[in-house]
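Structures for review follow.
You will see two complexes here that share chain A, one where it goes with chain B and one where it goes with chain C.
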Partner chain A sequence: MKSRAHRFKENAAASLANPVLQANLRTAKGKFVDKRAIAIKELDDFEATREAAKDIRNRVLEHLDLWLEKFEEVACARGAKVLWAKDGEEVCRLVVEIGKQHGVKKAVKSKSMLSEEAGLNQALEAAGIRPVETDLGEYILQINDNEPPSHIIAPVVHKSLDEVADLFAKTHKTPRKTDIPALTREAREVLREHFLSAEMGISGGNFLIAETGSVALVTNEGNGRMVTTLPRVHVVITGIEKVIPTLEDLATLMRLLPRSATGQSISNYVSLLTGVKAAGESDGPEHLYFILVDSGRAGLVGSEFQDMLRCIRCGACMNHCPVYQTIGGQAYGWGYPGPMGSVLTPLYTGLENALDLPHAATLCNQCGVVCPVKIPLPDLLRRLREKQLENHLRPWFERMALKAWAWVAERPSLYALATRFGVRYLAWLAGGQKSIPLLGIAPGWTQGRDFPAPEGKTFRELYRARSR
Partner chain B sequence: MKVALFVTCLIDLMRPRVGFAALELLTAAGGEVEVPETQTCCGQPAWNSGDRASAIRLAKKLIAEFEGFDYVVVPSGSCADHIKHEYPAILGDEPEWQARAVALGRRVYELTDFLVHVVRLEAVPGRFAGRVTYHDSCTGLRSLGIKAQPRALLKRAGVEVLEMNGAEECCGFGGTFSVKFGEISAAIAERKCANACATGAAAIVGGDLGCLLNIEGKLRRMGDETTQVLHIAEVLTAKS
Partner chain C sequence: MTSREDILARLRARLNRSEANAAAARAALEATLAAKAIGPRPAIDTQKSALAGRLIEKSLAQSSTVDCVASLAEAPAAVARYLATNGLPAQAVVWPALAALDWAGVGLAIQARGAVDADRVGITGCFCAIAETGTLMLCSGPATPATVSLLPETHIALVPASRIVPAMEEAFALARAELGALPRAVNFVSGPSRTGDIEQTIVLGAHGPSRVHLLLIEGA
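Showing the complex of A and B:
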């Protein structure tokens, strides 16, 4: 997927000006936040479970290479092939090769963030393989001219029923309907044909379990089952950080993932897929491939950003983020929106390609307190800001202003003098009014609100005068 | 008990009366209160903007100015937390300074936390006529656990608190965020103001001036000239 993260400000302005999106964001916010709050109350040891989940993920990251080798060994013993991809390009190349080898004309897909990162659909199309998204949300985006997703688990959360109704009528050439069950039935009918005719299924993976060589898929629609069991060939594409040691670890993480994501105590489907169809078995693929992708992950191991690799892609951080709630996910410009995206996008696509993202957060730490694996997201955002400054990636004016302000703040007498003039200037601007409608030195502030006038003298001056 | 007041740069510049209100509360609590004269800013804006070098220098300056006191009280949850919890990280490469930061951190309190948990102020000096709604500022709430303290004090002052929806949600201030992403920031503030006004309270009260200026600025832009926006120290020392 091509990143549009460098256009964050324009993207955000467009989101703010879109009334349909704003209405949808308001509804979605209530749903996700309230449901999660109820769901975590069912756990009497929620905090302890978070701590345990964090430990599991940390344990893996400390010896990521060993756990991956273990996974490879066990998965291969069950008849799977494990392939390694350095980046998105390699992912595309490998999938196309597999497709050609097995004479694939059509591939059905269920959610895979990595295939989105890699831009796999375009590569498949170029190679004459038709990719069909089968997650309802992803399907809607695909038939809407490959619109980018706005959320990692609810990719069309920004869309209204009316928009979908129009889209279905146009694409399926059926009478327009706004009854949701009828719309889903229509999608099922269209997709069923594809499930039955596709030679290859492509899925992501929520977790890879080292002790059994399995992939765990956490879904709500059931399409994941079709994609992974009906076609002859199944390709799992996922990041190398997704491995966990045992099934017991999976059980711990599963207490948190659906609750944090959608407020469900368990998702509708949890599939554990292990190996190829054995002799005498009636379903499952004849060929199973795991493509385990680096794409910048290995570089984070051992770095100051390693904590981010704990992420289990639940989306809670974005659902609770005041900025995400205001502008939606597409504004972030890549597959990963919200706080996790503001950390991942610059790390995976280059600091210089997402300069706004680490700053587009109030550091309110609502994300940090809901994250099921306790990733200190605000802290990571702050470190990215530091990295930008170190690499001279901030505008000259901003760097100078920051330096000048700090320089003065270190010199109390100068600071006293500067602030004395500063507040008088602001008070003069206010001209006796309670607030200033347009502030030349900080136009951003007065874009959408007034700047309250200062009292006119500093505390320092008044306190001095009083103690005399 | 030697108490130092760290006024914070925003209060120094924008709302000196909040500083004096804090002084009055601390005096009422029986403390011998000093306001070290060379204080400026805790350095949070530098740290949050990624300027580690400046953040280090300002941290050291503040530590040297305040470490001689029994307690350091700050009428802002976000500045208090910066000193208490971020300084040790900021000074992580200099063990000696880090130890001084940790030692100071133990004696740093947000104002309402100090009044309720350390000096147990029962007789609040002010009287405020009118019902209020309270905005829980993010850092105070999530890093220092400031939630019950301001409400307890307001109760002692006879002030009724009308809880708004989403009291714990961010107001959209976020320091430099409010200037860099003015439109987004103001849109978040609008939700906060709508929730606050829906309570019918006469005043929106909080413990962090940054948030309060943001909320006040948005209210006035929305044409609301009557709802007051006050720091809790002002309410607790009000003479109405």
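Showing the complex of A and C:
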């Protein structure tokens, strides 16, 4: 999918001005945050479990080349074919080739973020293969002219019941329904036909298990099971970083993933899929393909951003982010919103294409605190800001201002003088009020808020007066 | 260079891979696979009755329903009662592995095969059940097709009390001991299929069953 991250400020302003979106965001926020807070209490030692999960993910990343070779060896021994893709374009080419080879006319898809990254649906359509999204949220987006998702696990969190009701009535040509169970029922019936008639199923993968050569799929709706059980071809598309060593490691990670994502103790369906249909079996695919995708991931291995590759895509960071809660996911402009997206989008699409994202954070560390695999998201965002400066990607006045500030800050007596002048100027500007409504030298700052007025003395002055 | 070689070459370069350190790293990898280390986990009372109690409690919390019978022979009658109570037809598709039970004796028209779209009720056993989260572990195979727990609106699972294990770790250990390798599909099922996609309102029966009924067999 084409990134719109370079237009973040406009996108965010539009989100702030959208009353429907604002109302939906307010409802969603409480549900995710409260349910997670209750669910993690079921674990006797949540912190130790996070630490263990972090270790599991790190252990693989330290020797990712060898773990991938191991996974490939075991998966192939069970009858799967393992393919590799350098980028989204290659993912599209491989899936289209597989589709053509097996005479596929329709492909049912269970949620795959990588297929969003690659723009796979458009490629399939161009090749005459009809892609059908089957996760209810993704389906709603697809029939709404391929609208981009706003959350990695709740893609239509921004949509109201009314919008969905209109969309279903229009697309399915049925009487407009306004209750959620009836709409869900309608989608079930429409999509059931597709499950039964598709020749190919395409899924993502939550984890690849090296020990058994399996993919682990976590869903609530059961669409993941349908997609991997009924069609005769199953294609798994995952990033190369998704490998974990053993089934025991899966057990540990599964204590964290659903709790962090939706606040469930466990998702309804966790499926481990290994190899192809066995002799005598009445269901299951005859062909299983894994497409292991790089798309910028290998470049993060061994880098200062390697920690990001631990991500298990739960969405807790965005659910808890004050910026995400205010603007929603679509403003971020690519498939991954919130703090994890603000790190991944510049790293995968180019620093220069997402200049605002690393700044779209208060660095409050809510994301770091809730991350089940302990990714230091604020540190990574700060490093991206540094990279922008090093690569001369910030505006000249910002670079000059920082240089000037650094020059002054390195000279304590000059710094004291400058701040004394500064606070007195601001106090004068406030004219006895507690805040300044318009700041002449930085009007952007006071566009949406007042600037708090200083009392008239610097901290150092107050401190000195007090210690006397 | 193929994409495989290209990606692996870049990873090796980034990880400073050499002939010398590869051997040690491979040994560490094999050691990790062999160790199968278990992470921190919640304490669970592993007494037989406590395991069953927890399985029931957690299953109910997931909107499943639960019934108990003393022996496997009593299962068909309990299934018939459940179907009658819920206004469902006295017919079902059943795992071939359970075909030998006396279904006809209680008036149930049973077909032992994989499920198709028209089937309204599917009856399965389970490989084991997990007390920690109230989860069924279903293993696919010719006698245990995965569709039976997936396509029908109603899924009834026979759960022998002797097959309740504390957690996923024990379930995997059991699979290794009894099956060797994993079957094509292992499905962990925790309650009816659901979605919360529209306004975060939970609705049961998204794509899979909207009813999951556990029949606990105390003497099996």
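What we mean here is this: the second predicted complex is superposed on the first by the 455 of 468 C-alpha atoms of A that agree within 3 Å, B and C clash if a C-alpha of one lies under 4 Å from a C-alpha of the other, contacts with A are read in each partner's own complex, and residues count from 1 in each chain.
Keep this in mind: a residue touches a chain if its C-beta (ideal position, glycine included) is under 8 Å from a C-beta of that chain, and two chains touch if they have at least 3 such contacts.
Note that the coordinates shown come from a computational prediction; the quantities given were computed from them, not determined experimentally.
Trainee: So if we stack both complexes on chain A, do chain B and chain C clash, or do they fit?
Mentor: fit
Trainee: Which partner, chain B or chain C, touches the larger number of chain A residues?
Mentor: C
Trainee: Applying the document's definition of touch, where does A:42 land relative to chain B and chain C: first, second, both, or neither?
Mentor: After superposition on chain A, A:42 lies in contact with chain C alone.
Trainee: Looking at A:428 after the superposition, I want to know if it touches chain B, chain C, both of them or none. Which is it: first, second, both, neither?
Mentor: neither
Trainee: Could you tell me the angle at the CA centre of chain A between the CA centres of chain B and chain C, given to the nearest 10 degrees?
Mentor: 120
Trainee: For A:140, using the defined touch cut-off, is the partner it touches chain B, chain C, both, or neither? Pick first, second, both or neither.
Mentor: second
Trainee: Using the touch definition from the top, say if A:361 reaches chain B (first), chain C (second), both or neither.
Mentor: After superposition on chain A, A:361 lies in contact with chain B alone.
Trainee: Which of the two partners, first being chain B and second being chain C, lies in contact with A:64: first, second, both, or neither?
Mentor: Second partner only, chain C.
Trainee: Report, in whole Å, the shortest distance between any C-alpha atom of chain B and any C-alpha atom of chain C after the two complexes are superposed.
Mentor: Across the overlay, chain B reaches chain C at a minimum of 21 Å between C-alpha atoms.
Trainee: Touching residues of chain C toward chain A in the complex: what are they?
Mentor: These residues of chain C touch chain A: 2-4, 6-8, 10-12, 14-17, 22, 25-26, 28-29, 32-33, 36-43, 58, 62, 113-114, 117, 133, 135, 140-142, 145-147, 150, 167-169, 172, 181-201, 203, 205-209.
Trainee: Can you tell me which positions in chain B touch chain A when the two form their complex?
Mentor: 7, 9, 11-17, 19-20, 35, 37-41, 43, 45-52, 54, 57-58, 61, 138-139, 142-143, 169-170, 172-191, 213-214, 216-218, 220-221, 225, 229
Trainee: What residues on chain A touch chain C, complex-wise?
Mentor: Residue list for chain A touching chain C: 24, 27-28, 31-32, 42-45, 48-49, 52-53, 56, 59, 62-70, 78, 83-86, 90, 134-137, 140, 154-157, 159-161, 164, 180-181, 183-185, 188, 191-192, 195-196, 210-212, 214, 220-223, 225-226, 228-230, 240, 245-252, 254-255, 262, 265-284, 292, 294, 298-299, 301-303.
Trainee: Under the touch definition given earlier, write down the residues of chain A that touch chain B in their complex.
Mentor: Interface residues on chain A, with respect to chain B: 9, 12-13, 16, 322-323, 325-327, 356, 359-366, 368-369, 382-390, 394, 402-403, 405-407, 409-410, 412, 415, 419, 422-423, 434-435, 437, 442-452, 454-455, 457-460, 462-464.
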